[in-house]
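Heads up, there are several structures right after this.
Each of the next two complexes has subunit A plus one other chain: subunit B in the first, subunit C in the second.
Up next is the complex of A and B:
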């Protein structure tokens, strides 16, 4: 929904009013716009579809290339926008339903816009017994969001991950793929500030 | 062929290597219950109801996908098998909205039947489904209820493997899985053609037609309204199944009688406008053939096919016959020709159709279908919905005395009734085109090459020295195959395409179950009905001659063009 609205708004600013009817507040829309500065730039050039196509075309001859294409899109845009999934479906000669099925099957792909920094908390057994739940509570409280959500400033999203293979020190979180091992609830404000100050 | 010997419940059996345990058991006369299994369409071992014990295996095996091997010892009725089947049913039930008494499939539900057969008496588990129940009523034809869905994937398979539409797929994973269109949109926003084959394959009530029974009851009860009903060719060989008759039993007379007892003011026949379609489409074909129009000409009776073409093969729009379907021709005439004839304000006419089809509900609401100045067909009831109304009215269908259709749109020929089976429109068109072109009488009206359940049928007909090449496809998967052949250079003059497997006798609005055997039996009924008709060629129908004389003028004339022909819209796939 958010992604759709963003695209509509970008093509026709007057439609922002319509988007608010779908339950999105102006603030949400502005946030989505900030989150997607790169996309905005591309759309304004009329080039975003071309860019999706370029990202996808590199993988069409590869077995299972759809997954790689999705990774390429997500690396560029932070998530898999609807237009990109459609573009990939067409390039791989499959239906949009199937492409969307693949996009939503793998937890590492997101079909919703996300924060600039994606924080993933390990929910496997070793981290669980060493207090992952307390770390989650600290992150949720510090950011004012729940697991699966994105902070109001558009900086952080919270997601779960399975074991990332750093079980020597538990619990483990990753931030944009970088592991932070042995995290305590007390470490959370410091870690977040460090990133905010980047 | 290599064969293997095995024991199933101590019965020795010899089957070809590679046979599944399920098939081998069938050979041995042993019944193994299934739920997600659909032969040749959905063989994925998902539901685990067909589990059996195999000697030497540490776990139970899914009989529908496990191939047999030499010396295999299979047991289908052991404590472990029974416990596992029951538990699997309990797990399915724990995530199923079991509001059975008000469910559209109450009494005709495979899950209900299995629970009864396998003695499930309590559900020990609490559901864990995480998503909210979605009731997708976005299309005019279909309803999708995720609360009832048991994730058997049968609808996904039929939509993809049989129809080649692939409008729905599994979204998300684990407990969050739903079967949904791309981006969780409504079916109206994706290239769903509303053929309803998903409904025929759904074992439960997760997919069904959008009913308009109550609207029709209201119209019948409204003394200000005049209700006109038409019945499609394929409904007369299938509706009896809802009342304990055999598939293919012809119950035209009972259906007419039942419709009168329900209270319809005029009961007429889509077969009449099927004959009219042949006059229009036959002449369109002759015109294109003799005057060099776009060929192959492709039939346009099947609204599922039409929508599929608009989404997936819009380059064939110039090839499409501009003829409306018989349903829509009838609708346009009901509020013009017929209303004038009986001196009735067309605004008071409520036009209802009985169709073997769900896509007809969509077709009736297409914006082009208002040439009478009103919506030409107001309500479309599936064969199933009509049966429900007859049951609700307490009518003893099977024992009704037979009655005849009303004039002036009730008379028809054998050429019209065969519209109900794949190849029928082609055969009916050939019967007329041959005689109109050559001026000779056909020695035999039977064109056997275009009949039957083969996916794509081809024939060459000698029309006074001109070789006319025709092809017939049914199911959209076969339609795609045929159109690809055309694109690759295969040359035909005339192509018939029906959206559903078997044609309308296998339509998405037909009684459940509809399988290959039942399609075959209904098809036999169609050809029996054809043979029993006094007239078998559309152009011989006296009522058709009369409507041209009195009202329409001539085939492809001005009035025909206005009321009986239509146009198509290119639609996107993504």
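Up next is the complex of A and C:
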């Protein structure tokens, strides 16, 4: 939404009025503009746009390769930045809306920045009855954040997941895809420290 | 005492999955060689005669499915392996792919030859990133040895969407789109990925095929239940002693699974319920445990074999809480394309949550049953159609738990 508004505003300053009708306050829009201009500046300075394009180009010849391209971007950047989604849309010759629709359909893709390590906690019934909630509480307390949040040091994000197919020992969490089965609240500090020391 | 019968898992723990020679030394790729020397129709006939039925949940005849695709005239056909394995409590497909990938590859190649497809895809759930290298290494080794003929296989990854296990949604995802299901017909066998005839089978289904070709349809169809013969891999979780996986003949009963192989209830507690087939499966009470796991026997008690997950609960578990979580799963996983599912799953969850919090009343139970029957009849795909199944089963077999929760609400007021 923010990005879309920005494009409209940049093309036609009068549309700011329209945006305010959508419930965005003038201050919000200005803040968004500054944020976006800053990131556009950063992107161009760092050549990130070129990098997105390079990542995407590896998959354009693959029929239906958009999801693979998104995996590649996310593996590299931890999430799917708006500019990368736009770049992918262009490369795959689909609308930005369509590409965004794909990006937001799948729960493993994030369109918001996340921590370097994404911890997902399985809350499906088999893990639920064996203490997933207590493991969540331990993680939240240890990191000082709530589910869905990212730690201040930018290292960890906490997300829910449904079953990850490691149900032989429960509850299960994954860290950047790597499963940890049979986790207890007592294991949590050790696991986090192990990651921090990597 | 019930015993395992490892057909699909015959190589489990016996070989290094990354060494094709070890697979070959154990009779590997003999079935494919044998198939190449049979006519395409003969291969299909053999699979049909074995009475192998899909292990992904719907139980459709594997041979018939192959025949439908074989019969269509097309310049290109595809073989797609459904490795989206999303039913909570299930990890059987992972066991096959992680520990014996060549069995799957061989099964897919036999299918490719039989139906006339030279391209295969394995659509693997995104939650299994560590399997990618294993599959690609195995595919590469088989291709390098020229074992697959002109058949090639590509591995594609999902990104966390249970609905992509539904075959039309899976194919949409394979095409790089949102994984939303579409109306059938046309069935994928006739119009599948990129509108070309496509066989979609589960990992376990494909992995059953090499043994069938090697040992013959008669051998296979004599194992287990006559109408759903062969073996099924089950994964046990919950309050049993052995929460692990077993491959058993399909005439094995739930009681044998839970109290035999499963080692009985943990800590000597009493059995309360078992949810069979994953999150979309029914909760089965003690009185029905002598039912064999075979597809039709399970259906006769309004339950499903589904993915083969067996989630066991003891007497201390709160059924209302568990069914609330089960309902919550569907809220998260409904793709939102059709209204009965999008709204129905949300409402079911809301009502159960309310009851669990002591704010329910007797009318809520009527509402749940009504909603359930509407969804079963009007949702676009199996996700929404099956979402009420566990809830309705709980209301049927464990009504007293719901009544008690509602009575508690009366006291609060």
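By our rule, the second predicted complex is superposed on the first by the 152 of 198 C-alpha atoms of A that agree within 3 Å, B and C clash if a C-alpha of one lies under 4 Å from a C-alpha of the other, contacts with A are read in each partner's own complex, and residues count from 1 in each chain.
Throughout what follows, a contact is a pair of C-beta atoms (placed from the backbone, for glycine too) under 8 Å apart; a residue touches a chain by one contact, two chains touch by 3 or more.
This structure is a prediction, so every number in the text was calculated from the model and none was measured.
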Touched partner set for A:65, first subunit B, second subunit C, both or neither: second
First (subunit B), second (subunit C), both or neither touched by A:165: second
Per-residue contact with subunit A, leading partner among subunit C and subunit B: C
Partner chain in contact with A:79 - subunit B first, subunit C second, else both or neither: neither
First (subunit B), second (subunit C), both or neither touched by A:101: both
Partner chain in contact with A:89 - subunit B first, subunit C second, else both or neither: first
Contacts of A:52 with subunit B and subunit C, given as first, second, both or neither: neither
Partner chain in contact with A:156 - subunit B first, subunit C second, else both or neither: neither
Subunit A residues contacted in one complex by subunit B, in the other by subunit C: 101, 105, 107
Touching residues on subunit B, where the partner in the complex is subunit A: 160, 165-173, 180-183, 190-191, 573-574
Touch list for subunit A against partner subunit C, complex: 63-68, 70-71, 92, 101-102, 105-109, 123-126, 128-129, 161-170, 174, 177-178
Contact set on subunit C toward subunit A in their complex: 85-91, 93-94, 125-130, 156-162, 173-180, 194, 235, 237-238, 243-245, 275, 279, 309, 311, 313, 317, 322, 325-326, 328-329, 332-333, 335
Subunit A to subunit B touching residues, read off their complex: 82, 85-86, 89-90, 94-101, 104-105, 107, 111
